[in-house]
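One chain, chain A, links the two complexes that follow: it is found with chain B in the first and with chain C in the second.
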Partner chain A sequence: MNCGDGIDTRQIDELFINLDPIQAGGRLTTDAMKAVLAYGDGYSVCDHCTKPFRLDHISKPPLAEFHRDLASFLHMDVARLVPGARRGFQAVASALVKPDDPVLLTAYSHYTEFLSVEQSRGIAFEIPANESHIITADAAADRIEEVIRTTGKKPALMFVEQVDYQYGNLHPVADLIRVAHQYDVPVLCNGAYTIGIMDVNGKELGADFLVGSGHKSMAAPAPSGVLATTNEWADTVFRTTGIQGDLTGRTFGVKEVEMMGCTLMGVTSVGMMASFPHVKRRVKEFDTQLQYVNRIVDALLSIIGTKVLSEYPRKHTLTRMNTTDSFDTVAKTHKKKGFFLTSALRDRGITGILAGSTRVWKFNSYGITKEQADYVAESFLEIAQTEGLPCSS
Partner chain B sequence: MSKRSVDAVFQGLFLLTDIRGMLRETVPHHRLTAEQKKEAEKILAKLEKQIAILKEELLA
Partner chain C sequence: MNCGDGIDTRQIDELFINLDPIQAGGRLTTDAMKAVLAYGDGYSVCDHCTKPFRLDHISKPPLAEFHRDLASFLHMDVARLVPGARRGFQAVASALVKPDDPVLLTAYSHYTEFLSVEQSRGIAFEIPANESHIITADAAADRIEEVIRTTGKKPALMFVEQVDYQYGNLHPVADLIRVAHQYDVPVLCNGAYTIGIMDVNGKELGADFLVGSGHKSMAAPAPSGVLATTNEWADTVFRTTGIQGDLTGRTFGVKEVEMMGCTLMGVTSVGMMASFPHVKRRVKEFDTQLQYVNRIVDALLSIIGTKVLSEYPRKHTLTRMNTTDSFDTVAKTHKKKGFFLTSALRDRGITGILAGSTRVWKFNSYGITKEQADYVAESFLEIAQTEGLPCSS
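And now, the complex of A and B:
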């Protein structure tokens, strides 16, 4: 079935339990799907845009209120919608980082955090992870000292990930920020995998900037996200335009420079807003999701040779497994080779794991029900038993 | 302009979206609980009403 010339109708989430590492938290609520139907047209939120002509001032639909609610939800002072977390990184780096400024990132920083530094012509320095794949405050302190010693400058900005995309580990962000602040280094906390899934309190973390992803963790259409900050930094990162056309004399009101004026002007902002009441509720239920992911990981670990590379018990639903000594031993002789596992899962109505993976792979069980968690766990065991892999229970 | 038919289109789409949500919630086997079946029945009855409105407004 097509939804346009040559465009297949996507039915993945209607037909399969989708464990895709980056898709789970962005799956739309039914309210967001309805908003998509009503606000699909390009500038559809602009019908009632009046002075001062800026997205965060529009009251119908209630975007002004939504901006205030978002800031309050994150326990920050000011929030803006951005077209994806990456545009939040870009805005902050653009405002704070000057050419040749050192910037701290971590061994698990997303590539777009690096690109934001590169675009501002800063120099990237990474904080290494420890053996447990955690970024520690001690490692951050050591790296800050080293940067100051070698460059003669303190870092202009530090990026930290609350939960990283590689292991799904929860890092001690409050401690990391405390250390950075001792050196007067402002910190951007990347909450792409937490904001909208877990309860995130920017004030408690001490974050100067909090960035979230709508399409990754807030049940919103892409590209969407949020950048929140404190009153201390709001004027810097949300500075308003002062430029003037030299011939026409035109000026551009209260448009914000780093935001490039208005940001999410249709389906993205309204989709995000429609999901928001659900998001506010679901962050309180994250512990239940942890029970489900641990149920799946426990089942996988009962297949002899399987290891979990993420911290365990799980503190997040994004999880990295190593099945080199279990499922990959089957792949060596199976007629479908490495594709046997994802094929067997697909036969059981489960998808989202990188096709052909039997060694190191990731899954994200966020948003599934207890019945679905049990079914996924049992499916892994059933596949292992069918292929003659020994299981401990 | 038939506001009634436009409302019926959106109402119908929203009701179908609720069914879509139900399909997602019960994936992969779409085995509905007794409660979900009752809910689906209600939604489909409302959907039929919207279709009847559209027939009245557009085809009469």
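And now, the complex of A and C:
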């Protein structure tokens, strides 16, 4: 079956338990699927657009209310939709970073955070992680001091990841921000792996900017995301246009420069909005998801030689494992080589781990049920036992 | 019926002939609707993403082929997907325009073109239109001369609209570009109303950059669009990242700075791709659409006092009318006031004209059938006759 010339219908989440590190939190809800059909056309949300002609003022469909709800959900003052978290990074960097300004990132910052600095012609300085793969406030303070000493400037902006993409570790963002604020450095907290999955309170974190990803963690179509900020910073990052047509005298109302006017129309905004009630509920149930991921990790750890590289017990479902001394020993002689593991998982209806991985690999169990968690855990053990690997349980 | 809390199902194009100026070319095809369901999840296109890990290299679904096809469809060397035409403007302005650089736009440039200049801190200079609402090459030459004389700099970039949003007029882009090139000014041709609707040949136009909108004219979900360029400019606007993590030594492969890495995943890219075979066919049938719009304009012009403000006969389906001396005379005494016209149209199953308009208003008949064109034309005449307006036919 296909859905257009040469485009096979994708049926991953229909047929498999999908442990893909980046896909888990972005799966559409049924309401989002209905919404993308009803609002498939981009300008479908513009039927009732009246003065002042901006996406976040449209009341039918209820986008204005959704924007207010999003800000309040994040405990921030103002929120805007953006075409992916990266476009939130871009907007903040473009508004705050001037050429040659130092900008702090972390050893686990995402490439799109770096790209936003590069586009603004800033200079990147990383805050190192400690041995437990955590970015600490002390490390941030040291790096800020060093940057000021060596460049003569305080950093124009600091990026921190609430949960990073490499280890899925939860970093002490409130502490990191407190330190940055002592030096008057504004902080963007990257919540791409947390907003929509965990309860995120921007006020408690002290974040100046909070960025989330619709398609990574809010069950929304791509590209979508949210950029929220405080009243203090809203006038900077959401400043309205001041440019004018020099002959016609045209001005452009309340369109926001860094947003490039309206941002998400149709499937993306309405998809996010349709999933939002579900998202608000599911962030309250994250502890259950932690039980499930720890159940899987515990099963893996009972295979002798296996290590968990992420912090343990897990505080997030995205997890990095090292099976060099367990599954990889099998790969050396298995006829399917390194592919034996993902192949055996696939035979059991489990997918999403990078094909061929038997050394260091990631999985994300977000969204599974208790029965599925048990099944995944047992499947790993069963594969280990089939291949003759010793297990402690 | 609704599709999520408080979100009514939209049924405009299901129940009405929709003449909305901005919606006509963006309506999804059936294949695009199937695709958005099958690829609703953003990272659904990433299942088979392998080295060098970039959207335009993914071969399943066939995004790599789609990128090549798009470039060849536009007769340009390289094409990238962007989250809306505005993000194409932004990328080009960010790459080419330095603070205080003069940038040429036209009297009909879209606000997002202005915003892209504002974001890059350039200075906007408009090329005026002539009395027929056309931007001429002579006017462009005069303005370039004036900008060089008064600022001491040649413009860093010139924006021209192939068909503008105000009048729907077709401007002499090839001539405009030829003039700009005489002064070594690179030109971005805004094809938001043409690419996907008309046959656009970037090579014949001589465009350095060609930008199209997926949700405006390519039957694709929003935000989507295309930015195409020549080999000469590709290294500038699609330059790959050079930034590095100063402690970890991390680099970020072939990700493109102005694209912020990968751009459109899931519904937007696959929706565009699913509609593309239909789009390639329909651009060949644009003459038929011109017959239909001219049929409607002729009917309107036969209502005494009515004027067409766009060029006539029409060369595009987006059309600006002036009915101040016809329908607006009725509005003065009608119990529904200015709303009588759009209300009478709606009673006849026709929608999309700004509610309450009886003076200057726009419509876009793109995508209708011959029968629908006849029906719309007759409906306007019938409403005029019902209200006692004299008609010449």
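As a working rule, the second predicted complex is superposed on the first by the 393 of 393 C-alpha atoms of A that agree within 3 Å, B and C clash if a C-alpha of one lies under 4 Å from a C-alpha of the other, contacts with A are read in each partner's own complex, and residues count from 1 in each chain.
Here, a contact is a pair of C-beta atoms (placed from the backbone, for glycine too) under 8 Å apart; a residue touches a chain by one contact, two chains touch by 3 or more.
Here the structure is a predicted model, which is why all the values come from computation and not from measurement.
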Which superposed partner A:A107 touches (first chain B, second chain C, both, neither): second
First (chain B), second (chain C), both or neither touched by A:M33: both
Partner chain in contact with A:D13 - chain B first, chain C second, else both or neither: both
Which superposed partner A:I383 touches (first chain B, second chain C, both, neither): neither
Chain B versus chain C as contact partner of A:Q244, first or second or both or neither: second
Contacts of A:L74 with chain B and chain C, given as first, second, both or neither: neither
More chain A residues in contact - chain B or chain C: C
Touched partner set for A:T369, first chain B, second chain C, both or neither: first
Doubly contacted residues of chain A, that is, touched by chain B and again by chain C: 13, 27, 33-34, 37-38
Chain A contact footprint on chain B (complex, rising order): 10, 13-14, 17-18, 20-21, 23-25, 27-29
Touch list for chain A against partner chain B, complex: 13-17, 27, 29-30, 33-34, 37-38, 348-350, 369, 372, 375
Complex contact set, residues of chain C against chain A: 3-13, 20, 22-23, 26-28, 31-44, 46-47, 60-62, 65, 83-84, 86-87, 89-90, 94, 105, 107, 109, 111-112, 114-119, 124-126, 128, 214-216, 220-224, 241-248, 250, 252, 255, 257-258, 260-261, 263-268, 270-271, 273-277
